[in-house]
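Data block below; observations after.
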């Protein structure tokens, strides 16, 4: 077992929500605090680390990004950019030449004020989609369509909810963990009262970060919920011959079109005209504690990224291979979730529309780690093998949902 | 007859739109005046009143309330908070321990920029609904649904129209009446050209306020219009055994579900799981001038609120009993209107879709008064009796509209 | 041939996109530059012209125009106002007593954040429509309706796209041409990646301006596109007996209703109750280079406006006669376009849904010139005759599209 990976998961994941004994705390945005250009550096804090770190907030102007703020955490080894106005999504993370993220045709960081989620037949979400990590949920995820008389728009509202309170804390003791918290309120009278406490945690010198979200059903009634972490990677990690690995119990094509490449589902095409997208629905294995790991790496196996998550929290995984042309958005999504990307109405029969009781909470944790050399890639792949433990991967030829009769 | 109540109505209601002879005037928001944190106090004005008064504007940040301003008028005896960005709605009013208002699952004061009224099948309005007084109208009110080929969204646009000009005036002479005016523009080429001049009036030391709105059809064609003042009260006035009273000519259940509690329509349940809501449609009586009064008081009859209005302006009244759980939003709505809450297409046959000719105006006035002790409650109940004058209340068992064939 | 008009077209139109050798340049809005009140004058630049000129930016507040900026270019002879938040549309242009523009029932300059284009069955656009020049396109134009399973909203998105970068340049040499550029991004993942580089060009002392827009399909796939320049004029140019002239190959009524006035299609009614609108679909003639000219002038022929455009860029022309009452918005639209105002699904058969290949560009240029006296009107009318060259105008009695079976 790869100690560093599991340790990381334990230290950043499970412990993250508990407040540090002593920490610097900065409220960046709340009811009385407008976002304004701001920064803090390790030097200003009087902290000596191998590499200086900093956190910066700046606000964008013009176009549909008017008023959107970006919060950049520079660990000294990686810069991660969070968008408080868009569900605390992670826009991109870069470390040296390696960029986690992708190039969407959506070039602006779009203020949700300019998005009509109900536009384009429920596909309005596509007008703002360009992040490394886009939160999907929490009332529903999946493709647009009617469910119980209501048009569910693509992938829910989370990505278009501006965080109502954003707080930065930096531990006063080594390793000086950096926590960026933001509250998302998904609320409508008679319908829903969800609070999502999001937190991104990293530390000086790190090339990894952990998202730890806690969903609370503040209402008095049990509600359905769904969550999916749409984690998206383009070049340089994605290229012809790039590979995906995870401990997998079952893989199946999302639809008939995805059947065609089923035998090569772990390998990526280069940018391919008219390819559009193929999606594979995975049920990952976890270790005894449910911990699982998904890995994407380049053809040479010299760099990659891993997502560490727990199948007790996020039991299914969508592998989205959007290897169309560069301009169309050459990208793959590694998407741990409670659910696949079918419309919610199809997922009840799959037991993938969980419920959350009044005042109950659900935690979702994912650690994103850059694999910066062949050794790191290999260690991660070994960890995948360790979790798989030689257990069988069932390759299911037919989609879980028969969409053929949909129009 | 209760002199103080009727006098109040006369002095604040009818005379309110005429400009005072001499007044301090402050433009808080207009084309050239951005909302900014601001306040004025009686001390600054050099005014001596029993209790000092003040008016404060502050702007909220973060989440979906980014850029929303709150204007608080503190009379010295009651604090009333108005939301210019949301149709000059009154968010809440508090006096000592008593709060007029309620606790909605919508915790933020939501900027209409983030609302899609057409979302959720026309129920997007619910994502911002949390006020003491929410203006509904003026092109239509009522439940969402198709009418003449157009989806009418829940309760119209007024609550999501930011006021384009907000002016505060304070009379320079006793009783130093305080007027807060705001203009709402409900305009669409080819469709509608409504201007709503809203005004809230109160005075130093008062625990009451009057809304006086004037709707002008600025267009050249006669138009249908509807208005409904969704006035919402939770604890402490609402509780098990709380009572509603008004002079009533006819009461009927809104739908089949509301038939069940018809015999107890004037009494409230405590928070009741799975209750949802029952609505009763009332035709109030007025006095010789059309003045009417609705009263809500707690079980002990020691505190309450009254709404004074005129049935020539607002001929019908919806009593909305949403006595579900606390977390679901335990609340009752006292809703004087031109119309009930059915979709507009059902109300034409009821003669509840009035028309307004070109350049014509319609005035709507309601005075909200805190009843702070048993005497005040009793006086108000006596006034209700006086208006009823022993006239009969018809209890109609069947809803005015047969919704049973609706889907 | 009218030299001044064609020269104008050549000098302002074709050359405009090339950067001047040497110019003052001011970035008014971009990612790092919020719009703020600002102005520059010829005096500040040390430029001597017959009349001083200036450019001013100011930001509006309150209502649905909160945060909308207006950029006014005052040439010394004409003031043109551009709205960067609304697709760089031209709100109005005034010269002395003559106003190019109209009086819409929409009185505010509406921030697109408050518009739901999908509202009112796809007519939400009407809640912001009040400009002299409203850009329509570029993914589609035309009436709302379903096409390929998607609701196309009225006239596309362009008018509700805020410009993401706005730059002013003023040539340092005579004639000190003034260029105002703005970038519009019409982007949605999987759907569209259009960039529209807009530019308005004028010069000190001028009573004309040129729009030169360049549409780039930044995507990797060929896409359909449509463009229509909704150019709108009310009083004083529009009045009973006002006339329209253009070199026309074919004119036909848009629908059955417009058949009634077909014989008088070039003459305007005064404000006419219950008239609503009649639209005529024109195919203009151009000269050898494709240059064409449309003219609107008052009854006396003493003042007017001309639109110079090229039929190779904009082959069709909608003449929108909305001569209803003043309050309803008494206005005519002179609308050069790639397409008419039918829903896109009707226009494929008319060959009016052009395509644009990957990385290709399309240019659209229109020069708007005030005709300030009888001579200017006559010169323009002669130019129309010159282009017509005695060629025949076919008056087609039946609409190009049979809408009678539409509901």
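Order as written gives the chain letters A, B and C; numbering starts at 1 within each chain.
Everything that follows uses one rule, which is that a contact is a pair of C-beta atoms (placed from the backbone, for glycine too) under 8 Å apart; a residue touches a chain by one contact, two chains touch by 3 or more.
All values derive from a computational prediction rather than experimental measurement.
Between chain B and chain C, the least number of touch steps comes to 1. Looking at which positions face the partner, chain A and chain C present mostly different ones, since fewer than half of the interface numbers are shared. Once the centre of each chain is set as its mean CA position, chain A and chain C turn out to be 43 Å apart. Annotation for chain C: residues 113, 116, 118 touch two or more other chains. Within the complex, the chain C residues that touch chain A are 29-35, 67, 112-113, 116-118, 149-151, 153, 161-166, 183, 185, 187-193, 218-221, 358.
Within the complex, the chain C residues that touch chain B are 58-66, 104-108, 111, 113-114, 116, 118-121, 123, 126-127, 129-130, 273, 324-329.
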